[in-house]
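Next, two complexes with chain A in common: one pairs it with chain B, the other with chain C.
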Partner chain A sequence: MSSVPAPLARRSRRRARGAVGTGFLLTPGGVLLVLFAALPLCALLVIGFTTDAGSFSLQNFAEMLGTPAYVALLGRTLLIAFCVTVLSIALGWPAAWALARYTRAKAKPLILGLVIIPYITSQLLLIYGFVSLIQAGGPIMSLLSAIGLTAPQASIMYTPTANILMLVQESIPTAILVMYSASEQINPSVLEASRTLGAGKAFVFTRVVWPLSSAMIGVNFALTFVQTVGAFAEPTILGGPSGQMLGNTISAQLQAGVHEAFAVAMSLVLLLASLAIVGAATGLLAWSRSALSGVSKASRPKAESGAAQKRLSEDALTAEGVLR
Partner chain B sequence: MKNAVLPRILKIWLYVALIILALPLLSMAVLSLNQSRYGTFPFTFTLDWYATLANDTALLQALGTSLNLATQATIFAVIVGTLLSLGMARSKTYLTLPVNGLLLALLTVPALILAAGFVIVFSWLGLGSSSIGLILASIVTSLPFVVLIVTGRLRDLDEHYAEAAHSLGAGAARVFLTITVPLIAPSIIAGGLLAFVITFNNFAIQLFLAPIGISTLPVQIYSMVRLGVTPDVDALATIIILSTVVLVVVLNWLSGNAAKLFTTTNKGN
Partner chain C sequence: MNQSRSIEGQRRRSVARRLIGATAAALAAAVALTSCSLSPGSAASDTKTLTVAIWKGYGADLPWVATDFKKQTGATLKFQYIDSEANLLQLVGKANGSIDVALPNIQYIGAGIDQGIFHQLDTSKLTNYSDIYPQFAQLKEIRKSGNLYGIPWTWGSTGLFFNKTKVTPAPNSLSVLWDPKYKGQIALIDDPTVLVPITALYLGEDPQNPDMSKVTPALQKLKDNAKLTYSSTDDLAKAISSGSVVAGIGNADAIGGLISSGTAGATDFSYEIAKEGAVGWIDNWAVSAKTKHLDLAYDWLNYMTSKDFLAKWANTPADAAPAPANASVVSGLQQATLERLQANPEKISSLALQLPEPADRLQSWVDAWTKVKAGS
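Take a look at the complex of A and B:
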């Protein structure tokens, strides 16, 4: 009885050593994350809710939400981010669909490469190229004036339009990549089946394609909206006086280093508002999915819908990660 | 062939989208070879701007700073991220859940707001506007990408290889070095490349955290573009974009499909 079989004994020792090893593996990353992810986010909350004197108050939030100019700026920022997100998905989805369905397998890596190059190019270089493109006397404007559409020195630089076009330009690669994954995930035989069963094009889209894609549309919406809502370089460089966003104000105040708590409070309001909009959009998409797919939630087995929910959230996590 | 109209329209849509995406990049390439100081036409071929770039110390120094920063941050992010992934693969949910939550928060909070948080914490810790602060912030913001890619690979790993090695008498260290590391090496390389690209481009973090007097490339371009465009920046941009093209081609050649890196969800590979 005293002699435990050798492999078992070794295994228990190995497991004990494994626990120490796991702690060793987790420590560096854990310390970094606690100090430089958890702490900064908590710091934002603390600073946002304190006065310059250091006591707790809602003064910063009251000041922001009580100033019509800031509320209007917040509204405009959310509106711009919403329009940019919807536009980029609307422009990227058909391209992604063509890439997933109607492109030869050999050409796919090449085309995806062409999408990835602007995707991983520095945002500032893209802005720079865009400015060189649309400035007065640049390629686009000289082309337009050669046709006689605009005056030779006219340009859309320093207008809200330029800002929005730039943000859409930056968001399209994300939209193509995410919606490409979504389009690839739809089994072609499902589309085939609905067609052979007599469904028209519009019916196939609303009842099959949309419900199957809406989860990824939600992921795409979240990714692009959150990125766009915090934009400040684009409006600063391209937007002109009437194309500013809340990010400009926040970054200017942070850089100046005065009234930091107010800038932080604005960031928190912006973060909260954008999370609320992303949540609402995701909820709306989920509702449209169940409403259009013709399967009511009640009739679906509970376990299955739970599993689907879990899979969805896992997918969202991975996609968010891999797609910046 | 009656149904072929929609596919054709969508394909044209795809090509138009690709052209629109390429336009700013092509514009810089063309203007870098054009004589005009202000990027205007008619086009006259010259290589002068590349010669000007070779003498532009501010721009080249900024490029050096960026490459240096991205390299250092990537090395740390890859080591820490790989260890974290390996640790999380063996941990229970009560440990992985908060870690995943923090990683997700780093990905979903806009960079500007994250930068504000870093500024506050670094000034508390006495690291305000130091290179160490900048590197730490870069490591932390690129960490999630390394962890997600390596974790995805670990999840797909066949445990039987390690078990076979164990039962053939290999110790834990030997199994790790000769079985696990080679199997996850592609994902470590991929995560590292992604981390490099992300730290190189992380403008908001760099703008707020770079020490006074030191500019990274995005910060330098930000201060230059507000004064108007100059063709030597176009020349530098063209060189960077060509390097990106080479990178994507090499990745394609290594992995068969570079796009997988950026489009993979956790289904299969």
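Take a look at the complex of A and C:
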């Protein structure tokens, strides 16, 4: 019993070392973030609110939000990103579920590897691969025209549809990877318990699977939406004259080399609108989680105190480990 | 040439994925550029080294050029590659004499002259000056107070191209681009500084300062007729080889390259400066105001504008030379070469040169095109 103070002292030393270690781990990433994300963002804010003459002004924002063509384009861009995100999750989730639950353990790494391949492939290669598949006279159009479905020149290339398909295709690996980890986290005994208690498939999905997966759906939504909303390579190459997104307009404005502040203002509006949508989607998912999982508000404090208890017991375990 | 270079640049930029990321990177690059300059005199220690600021792969850095120039002058060459015209002005301005010669475009040289970064040229030392097309040599854009600051080297145009087998009879007017007969089969270069002047030429407006209230509706009609807008020659090549496009607006050198390289489907195509004209550009050699090798710089200008260099460059199809600005060189070229280079001197007078435009006017062009494109 006389040894009690000693481990406590050791523990505090350990904590101090932990703080240094944490600082060491955080510094490179933190410095990079401040240098290349926070500072440019500040610069964007300053530039966006400045006129060409150099005085503070809301003129750039008024110009963007006062032009119906740009507002419509913003709306269309957000809608495309939203649809692409929802579609990719809807397509990726069943595959991820099957991969997590019904695939032999030996086959999993191979399939996951195949899913990752588009990730490590250059984005332009993916786009041009898609182009050579769908373009007029390409394999798909040749096949469709051979069986008499359509004319060989009636390709979806250079239309908004081609752009959306490409964006969905690019987003599916993310959806499969994220939803795979969500599906793996669900304890099979929970599913079995709900089934033995008489829940139907739909009920299991809405009341058990959805609430347990909704946090990862939120992660997936944020990742894919943010990536898609700023797309401009895809609409440039595939979208045709009427399939442009706001990213194209911003890049065109920057390349013109005049009135760059207007491009900056447009990207700030896009950034804010995207944050709002991601925030709303995440909030909606959190609400659906508590509404559907049956965890009532009254029972929450109990759960929290439970967590606190758990933490205490964990601390005790650590202390025990140190004592030994 | 600067057109296709900037298109390559656009493509490189379009690889960047996220908008914010790209903007942040651009800002970081701007900060980096302004905070560090080339160390003064780093290249100047060797009196026999000439530093040339130019686009990569644009004639001057061909392997035999260094050999020939060394044979003539004993000097070695060093290249400082640029990625935009604005970048060229910035580099020469900050180099403090470590860049000797540069190749500014007619649209940008004026800004450089006003900044005082270029050396006034003595025409008596320019051995090929009298052979340069007078329409180019007399341009006020390469002069200040009557003094010469740049010698025209190459020129080119952006105009009409079409499929000879599908667009019959062969068009000689830009109106074919607005023809409903070819709706959904037109390719447009995605650049308002080309499309606005082209539309102005079609309407008979002044291509340097058109009435935008007339140009904008015509641009809308042009877009409605188009199958695609492209930013890289590669994208155009795909549209041509898939048969999606029968006519459009493109760079003479890009189209010429597609035709001479035998790109699938491109051999049926032809480039033409239409009767209304085309958009034109001129690249000019200029000497840095702070050069420490003035005589060597003149040697370089004389070699670059000489028959020795220009004719050899023009006669090697793989090197994709544009049209030379030296009239006596052009008169010595074969007809087939003239066609490949689109170097027909008769067309020079119908060029609407891309000149420096006031920022407001340029913005109104960009606005008109982006609004037309943003609408569905």
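Definition applied: the second predicted complex is superposed on the first by the 266 of 324 C-alpha atoms of A that agree within 3 Å, B and C clash if a C-alpha of one lies under 4 Å from a C-alpha of the other, contacts with A are read in each partner's own complex, and residues count from 1 in each chain.
The working rule: a residue touches a chain if its C-beta (ideal position, glycine included) is under 8 Å from a C-beta of that chain, and two chains touch if they have at least 3 such contacts.
Computed from a prediction, not measured in an experiment: that's the story for all the values here.
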Task: Please indicate which partner A:P139 is in contact with in the superposed arrangement: first for chain B, second for chain C, both, or neither.
output: first
Task: Pick one for A:N187: touches chain B only (first), chain C only (second), both, or neither.
output: neither
Task: Identify the partner contact of A:T51: answer first if only chain B is touched, second if only chain C is, both if each is, neither if none is.
output: neither
Chain A residues touched by each partner, larger count belonging to chain B or chain C: B
Message: Contact-wise, after the overlay, does A:Q123 reach chain B, chain C, both or neither (first, second, both, neither)?
response: both
Task: May I ask you to decide whether A:T67 touches chain B, chain C, both, or neither, giving the answer as first, second, both or neither?
output: second
Message: Quick one: is A:V131 in contact with chain B, with chain C, with both, or with neither? Answer first, second, both or neither.
response: both
- prompt: Which of the two partners, first being chain B and second being chain C, lies in contact with A:V226: first, second, both, or neither?
  reply: both
Query: For A:H259, is the partner it touches chain B (first), chain C (second), both, or none of the two (neither)?
result: second
Task: Jot down the residues of chain A that show up as touching in both complexes, chain B in one and chain C in the other.
output: 35-37, 40-41, 43-44, 122-124, 128, 131-132, 135, 137-138, 226-227, 229-230, 232-233, 236-237, 247, 250-251, 254-255, 263-264, 267, 270-271
Message: Show me the residue ranges of chain B that touch chain A in the complex, using the header's touch definition.
response: 6-7, 10-11, 13-14, 17-18, 20-25, 27-28, 30-31, 38-41, 79-81, 83-84, 86-88, 90-91, 95, 99-100, 102-121, 124, 136-137, 139-140, 143-145, 147-149, 152, 172, 197-198, 200-201, 203-204, 207-208, 217-218, 221-222, 225-226, 229, 233-234, 237, 240-241, 244-245, 248-249, 252, 256-259, 261-267
Task: Would you mind writing out the residues of chain C in touch with chain A in their complex?
output: 6, 10, 13-15, 17-28, 86, 188, 190, 192-193, 223, 226-229, 231, 235, 238-239, 242-244, 359, 362-363, 365-366, 369-371, 373-376
Task: Show which residues of chain A lie in contact with chain C when the two form their complex.
output: 35-37, 40-41, 43-44, 52, 67, 69-70, 72-73, 76, 122-124, 128, 131-132, 135-138, 153, 155, 157-158, 160, 226-227, 229-233, 236-237, 240-242, 244, 247-259, 263-264, 267, 270-271
Query: In the complex formed with chain B, which residues of chain A make contact?
result: 14, 17-18, 21-26, 28-30, 32-41, 43-44, 47, 91-92, 94-95, 97-99, 101-103, 108-109, 111-133, 135, 137-139, 142, 169, 172-173, 176-178, 180-181, 185, 201, 222, 226-227, 229-230, 232-233, 236-237, 247, 250-251, 254-255, 260, 263-264, 267-268, 270-271, 274, 314-315, 317-324
